[in-house]
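Here's a structure for you.
Chain nomenclature is as follows: A, B and C, assigned in order of appearance, with residue numbering initiated at 1 for each chain independently.
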Amino acid sequence: MSRTDRGSSPEDPVFVTPGETPAAAAADLRIEGLRKSFGAEEVLRGIDLAVAPHEVVCLIGASGSGKSTLLRCVNLLERIDAGAIWLGGQLITGPGVDENLVRRHIGIVFQSFNLFPHMTVERNITLAPMKVLGLSRAEAAERATELLDRFGLAEKRSDYPDRLSGGQQQRVAIIRALAMRPRLMLLDEVTSALDPELVADVLDVIRELANGGMTMLIATHEMGFARDIASRVCFLADGQIVEQAPPGQLFTEPSDERTRRFLRRIVDAGRM
Amino acid sequence: MRQTTAAAVAALTLMAASAGLAGCASSTSSSTSSASSSAGTGASTSTGASAAACTFAGVQGELYTKGVLTVATDQPAYPPWFENNKPSNGQGYESAVAYAVAAQLGFKASQVKWAYEPFDSSYAPGLKKFDFDINEISYSAARAQVVTFSDSYYDVQQALVALKSSPIVTKHTPADLKTYVFGDQVGTTSLAFINSKIQPTQTPKVFETLNDVKQALQTKQIAALVTDTPTAQYISSSEIPGSVMVAQFPSTGEHYGLLFAKGNPLVGCVNKALATLRSNGTLSQLATKYLQIYTSVPTIQP
Amino acid sequence: MAEAQGLPDLSARRSRLLGSSDRRGLVLSIASTVVVLAAVLAVFLLAPGSRQVRHTFFNPTDMWRAFVGKPSAGYYSVGEALWLNIRMFVTAEILILILALVVAVVRQSTGPVLLPLRLVGTVYVDVARGVPLILIIFAIGFGVPALQIRGISSQSAAVYGVAALVFSYSAYVSEVYRAGLSSVHRSQAAAARSLGLSGWASMRHVVLPQAIRIIIPPLLNDFISLQKDTALVGLLGSIEANKAAELYSDTVFNYSSYTVAAILFLLLTIPLARFTDHLIARDQARRLAGARL
């Protein structure tokens, strides 16, 4: 892969066949036999998962089941111990892969937003497009404006993250990831740290992305939202995908006992 | 109510303190050793000090520690003024002079104790921890306002030491001298001499200790070092191989004196002792023995 | 009223004498400060040796003479000598900030390629912090000339002094940088890398700017300390402010020249400290836009 390619654009020679529009350029993700340990503790014990282009897959499971670790492995923040990951048909976990290049095509949003506090909202969004994709300041600003308008945050562009509410910060984090025009979006419990009335705004954003055709892998506790938006829900326990099925099926007739127990606990906690 | 009382107390204390300051500050008189027995410069009028008062018994009242003559000097104590860095061995010009003065006052050698006093603090105000300080300290009128000096125990000339390979060895006309970088030790009068008499174009380097000056000479950071003739003689003959005492400069009337606390009456008896030692030839004998100034050290003009 | 609902009266207490509690607090603090200062001053002025000490340390005539200097009498101007200190610490600080950053970034790196450099960095920091600065000054200031290397061995004492200061201080400052770098939560670096920024770019745009903001107070501390340590270069023979003060003092047997040097250094330090406070406050204000905390 050339280091000078602009990535994530219709001209990208790697992921897109000529003529496709960006939304249609959403890539597919394939994970096989993924294993990851931290020291002596094996957190992921053989994950097999395929996400088709434009598909939205939700990961549910208890804390510590490995959802975050799985997402971090996909965008190469963690080095995997065994297995392989393909993005858009290309192996991204082999030797000789340029991680920086891969990460341009994968957007990830974290539970704790992780906006850059020393930069304005606009600068947060335009930093990577300018430094990584080589966009000019004007081009990057235009991209930022388009996204901020689309998600109703235009008047916050010159504010610092400290001045925004949690929900606003998370939406900016999503916008920041989108500014790179990724082929795949990973969302790691993005509403868990928010107050309930702010959650709805963020979920709306995600819903819109899904409707726009973005391939998404979402780790979430919001069961109602998962049922709404996912084409498939995967239940993780003890480092493995215990069960995966369309939400209608998984939530009403889970086939595995562990899934049943988990869902029962969720219902009891009033989260469903 | 408690808090307002506290504030009132504070205000009253403040007023009292200010009144106290105004009243007392102007009337403090210095109470270090009787300022009335005035400004002794190096002049040797031992006002009414009778022969009896300058005996061992007579001077006891003026001593730092009774029964003991406490003499101070710096560390390291350099040859030829001291030997082996041990002032108590009586060798070296200044050590010998100190013991000779002590003998004149009736002290046995065992009744002389040595103290360490860095030069920079020897003239600090307040009580001194010694009776007198002997440390190649030159008399000057400004200095004599702060401390009391004895009469001269050595008349000093400045001299030059350089490496044999240095051009200054052969080229040292007054005009030539202005072009060199000189070095000297802080606290000596050499810097004043260099700047007022030689007037070089480049700022001289001033080092904390004589050893640093010697080091600078050996590493060629300075062209020549300036110090008093006996020290120069010793350095060039015994300490720095490949060095030579180029010449000495004419006397400017400089002399070394013993340093006393301002107004210390002991200086009277010490001056008498020095006068005796000078007239009976002891001082010149010691100079010949330790300072090795024979004849003909060449003298050049600055 | 408030009491009726179980809460005590929350409005600010008013005192008959001094008004609201804010004002009372202010009066008390002013009064107590003045009292303490007056007491210290009283002790100083009422001591038996006070007059002599004031003459020895605070005599205006001597202070002026020392400030102006008179080379032919054996002493230089303290004010002029200060200029040498200023040039030395400005040069040194610039070099220190750069060298320390390089050392810190190298030591924080994780790639195997940089392992030898990391080892060198660790040894350097241990040695430079372990050896007293005064010894380093002597080693460089007397050692390098002794080597008689053409060109390098014939620099002025100030050059060697600056080299020694840079060698010593960069080690301390690199540790300050490292503290700053590790105090930036690694989620920041993760977020930056996730956007496709290279390790170097994420350091430069995301981690380092945050780290530096955090460590400005200790950096300033080290800078102020550096300003004072330029005095040690006087050991190599150069006439800097403290040496000039010493020359005056030894010539005339009066310490007021040291007071002049101290005042001059204070005049350098205090505006610098206030300016830095202002920078920090301005950055905070911009980020928080009026919030109190």
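Keep in mind that, in the parts below, a contact is a pair of C-beta atoms (placed from the backbone, for glycine too) under 8 Å apart; a residue touches a chain by one contact, two chains touch by 3 or more.
As the structure is a computational prediction, the values presented were derived from the model and not from experiment.
J.: When you check each chain against chain B and chain C, which touch both of them?
T.: Shared contacts of chain B and chain C: no chain.
J.: Going by CA means, which chain is nearest the middle of everything shown?
T.: Smallest offset from the overall C-alpha mean is found for C.
J.: Would you identify the chain whose Cα-based centre sits farthest away from the centre of chain B?
T.: Farthest from chain B by mean C-alpha position: A.
J.: Could you put a whole-Å number on the gap between the CA centroids of chain B and chain C?
T.: Measuring from centre to centre gives 37 Å for this pair.
J.: At what distance in angstrom does the C-alpha mean of chain C lie from that of chain A?
T.: A distance of 46 Å separates the two centres.
J.: What whole-number Å value describes the gap between the mean CA coordinates of chain A and chain B?
T.: 82
J.: So which bits of chain B are touching at least two other chains?
T.: Answer for chain B, listing residues that touch two or more other chains: there are none.
J.: If a residue has to touch 2 or more other chains to count, which residues of chain A qualify?
T.: In chain A, no residue touches two or more other chains.
J.: Flag every residue of chain C that touches chain A in the complex, lowest number first.
T.: Spelled out, the residues of chain C in touch with chain A are 187-188, 190-198, 201, 205-206, 209-210, 213, 286-289, 291.
J.: Going by the contact rule set out above, which residues of chain C touch chain B in the complex?
T.: By the definition above, chain C touches chain B via 15, 17-18, 24, 27-28, 31-32, 34-35, 38-39, 41-42, 45-46, 48-53, 55-56, 71-76, 142, 145-146, 148, 153-154, 157, 234-239, 243, 246-247, 249-255.
J.: How about chain A: which of its residues touch chain C in the complex?
T.: The contact residues of chain A facing chain C are 7, 75, 77, 99-101, 103-104, 106-108, 110, 112, 114-118, 127-128, 131-133, 159-160, 162-163, 176-177, 180.
J.: What does chain B use to touch chain C in their complex?
T.: Listed in rising order, the residues of chain B that touch chain C are 3-4, 6-7, 10-11, 13-14, 17-18, 20-21, 24-25, 28-32, 119-120, 123-126, 140, 142-143, 145-147, 183, 186-187, 189, 191-193, 195-196, 199, 203, 205-208, 212, 215-216, 218-222.
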